[in-house]
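Given below, in the form of structure tokens, are the structures.
In the two assemblies presented below, chain A is common to both, partnered first by chain B and then by chain C.
Now for the complex of A and B:
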């Protein structure tokens, strides 16, 4: 048995870190529910009871928040679906087929992941202008995929490598076609990988500012991160609304992490090997 | 004998350097239990995978009956296969695993349920049908894998070292089980193993493979008693056959084999095979050696190591003229290490092999035919 201090010291350290990390979130939530009139009036209280939904009402009915939200959701869903399909097929191909330049391709995907988004945003702007794909959902989704797909292919490649080939062969000699074996035997075994891909695709798309800001110049095509930035005006910053929208934007991310943390952790554990 | 599977000059190369299977031709009869046996890397599994359609031969043809199936993928061959690593679908229950090939064949649900019931009954899995494979023991998992293979009622059942993942006791149990299945199902089984006991006890015929070649294709008895070459002779049989350098000498009574100064007369019917040879390799199975008190005649040596196995001991004897021989003796003999012993053997137990080609020249130098 360890003595008391040795046991509690790590806990205490964790608690300190938790406070440092969690306090901004707490302050965000508290500010979002604080009426505008009292937000900047001292004393600033750590706990207060005069809460209101005023900021949320203004946000939802007086701004175009819902339009931005719709755009963000569409872009994220599109990015998730296309990422999962493309990363799964590419990862499977890399695992099961031998072709020239396979290693180069695999490392190339990882290499391309290392470019900062800004470096690609300008060329994409020129390209999409020519293709008339600026201010479209497809354009934004493809831009998001340019960032997330390389790593996602890499993730699926790793996951398929741990699915034994004999499982698939067992399906083949049972009469299953290659595609059916992939669907019924490989995919269930790589489920954690697919979830990781989906989460990563969502996170990148949902949080992206650079591409949306540069490619989506039409106000009606703004996504949440870009839309939120418009609350910061030259003469005034609507802090209450900024905080309220920040709360709403974080909800899906929190929900996702909360429900899927089991798979996220298994994915992290694998890539660490 | 109707032919179930026929390989015609089949070879398989991996890249430019590796020859996994080298010109193998074999006919496997209907309802035969045919085993490919050999050390790891001998090409036995690759041969099986070519029968399955999981590998394409570099050259040669594969026939099922009269039909050339060389170009057919595994899905279109009437086969089922049991894999070395069992390869059950982890996300499906036992029943779903067994039903998988039937579902793909598009059988109606009641028929599938009925067949799964029956297969589970045969393999003693009836109370495990709703369980996932991970909750089963190794032996039960292997039963499920066999169940999935036989549910399909294939013309040819392929088994790739199906027992190698099991412990010794389970292996013995499953051997009996598979033999029983072979009798009940009356199907053709093509079996791959590196374990000669499995090969010898289960098969109707055995192909001994080494370095991609099928060295000998015969029933187990013939493989044991009349090995075609030194490689087969030393691979089959436990402990391995002893090999000593010998010479063929002319004596007034005719040809004789001389081992460390000890001569054994060769029956005239073998003279033709041994004519003109001087040096030969001579094989004696450890079971054929009798150890006794050291006398003037015969080979003599000192007990170097004794390994008690229960009823019998394996005894390693250091010979006076150099070299070592392994013998299997009754434990009751209780030979202490360091004891001086004489070794006796009969003319019929001497196997003579060509020193260069390693081919067998005669199985026993007595007059009996083998």
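Now for the complex of A and C:
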């Protein structure tokens, strides 16, 4: 009897926690597909089958969701490209060249990764107002880089250390320039690093609320998080539509987790340790 | 460095008088700091920041520890269950905020419905709009969102504990509780401190979750330091004062970071040469 309890108690506990973790996801998806007329007439059933796409139709055709989506995608793409280029070059330079103050630089990189967005967003607002860079893609991308670049440099720094110098020397001997050797020898070996940089840059840009909220004050420049926040400011909130938008915004997250499961689990451990 | 320019500017700004309405910027020395220290709202916000941080970090650690211990056992479908546990941490904050606002809604929320049906409540609670419940609601939300960060790190550490240690403990007659106390916990200590420190630093400066769920309300019940700084800058348009509030946050961040670098020295992970 005692043995049985010892075996089943942990599984039961796991089940309880799993329900707590998974229920919000389930409820988000279920509400997104529940017709408006039913959604506002509780009590709800926890399982239902009379689902419809009504909320998604309202979202796509009656709101500016697609404008916000375009802005979010542009900002994310820009952040990925600039982060990959800058982090690769910086990481390469940090591994291969000796210069003074490297330790300070390593410290500064890690420390700036802890900076909270609010601490940077207020000064950036004033700075960008003066430079006329508020409500521009470039401004938002630069702001997103301010939080993601330090860790990305860190990641590339670690990856280039694994690439043996002898490989590169072989390329130099056969007449390749430094940049060509970097492109054709180092980059292929550091591909996993570049992929994590791209993922991290995307995730930070896609998830960011604070910077976009403060810097993008023009409705047409809102990103998804800022635009979605305006949906719940109205007096009569169309909750089904709000949940539909939440589902669409989390699609990239779900895709990332399920395609890169193993990779993410190890990568996250590394970057956060 | 992109990241340091704004911070430097903010600190410089905290020494001047600058509002959105006056084009002139005048040097005012420590005036902003004197004003802000005399401001009872600052101390209120600081106190609420501490309450929020302590509550959220304790909850995240507790959830993370329990979940990691359970996930470390062998069972079927473990990889799938593990990836569900990773999801909340990677989800955009806006999604978390919207879903929890819906779950906790007073009239239509399913949480209220379940509590009423199970007779734990007699009438629906206004979770996010109630003076007593708003802070607990945002703490619970961030516990759900970031508990998975703790789970990830603790799980990684658990898997690195050599099984030999457990065998040795069992041979000397230790029960499961004893094993946990004498083998698991000492091995986890560093990780737990690390998670508490990092999460503490990040929760203390958390803006988006709280703002999106309550706007700092009701009646400032959830107005933490970052929200106070935001209001100074964009509702009262006093950038000098806002920068002073930011600098207060920065000083506390530096204190946390000093502890972090002293304890863990993460720069050992790269070869820095000399």
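Keep in mind that, in the parts below, the second predicted complex is superposed on the first by the 244 of 273 C-alpha atoms of A that agree within 3 Å, B and C clash if a C-alpha of one lies under 4 Å from a C-alpha of the other, contacts with A are read in each partner's own complex, and residues count from 1 in each chain.
Definition applied: contacts are C-beta pairs under 8 Å (C-beta built on N, C-alpha and C of every residue); 3 or more make two chains touch, one makes a residue touch a chain.
Just so it is clear, the model here is predicted, and its values are computed rather than measured.
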Superposed partners chain B and chain C on chain A - clash or fit: fit
Chain B versus chain C as contact partner of A:37, first or second or both or neither: neither
Chain B versus chain C as contact partner of A:249, first or second or both or neither: second
Which of chain B and chain C A:189 touches, first, second, both or neither: first
Superposed model, angle subtended at chain A by chain C and chain B (C-alpha, nearest 10 degrees): 100
First, second, both or neither for A:142, with chain B first and chain C second: second
More chain A residues in contact - chain B or chain C: C
Chain B versus chain C as contact partner of A:66, first or second or both or neither: neither
Partner chain(s) touched by A:157 [first = chain B, second = chain C, both, neither]: second
Three-chain overlay, closest Cα atoms of chain B and chain C, distance in Å: 11
Chain C-contacting residues of chain A that also contact chain B: none
Sites on chain A touched by chain B in the complex: 164, 166-167, 169-177, 180, 184-185, 188-189
Sites on chain B touched by chain A in the complex: 52-54, 73-75, 79-81, 83-85, 87-91, 100-101, 104-105, 148, 152, 158
Residue numbers on chain C that touch chain A, as the complex places them: 1-7, 9-10, 13, 63, 66-67, 70-71, 73, 75, 79, 81-88, 90-103, 105, 107-108, 110, 113, 117, 144, 148-149, 152-153, 156, 176, 194, 198, 201-202, 205-208, 211-212, 226, 229-230, 233-234, 239, 242-243, 246, 249-250, 253, 256-257, 260-261, 266-267, 269-274
Touch list for chain A against partner chain C, complex: 6, 10-11, 13-14, 17-18, 20-22, 24-25, 27-28, 31, 39-40, 42-44, 94-95, 98, 100, 102-103, 106-108, 110-112, 114-120, 122-127, 142, 145-147, 149-150, 154, 157-158, 161, 203, 206-207, 209-210, 213-214, 224-225, 228-229, 231-232, 239, 242-243, 245-246, 249-250, 253-254, 256-258, 261, 264-265, 268-269, 272-273
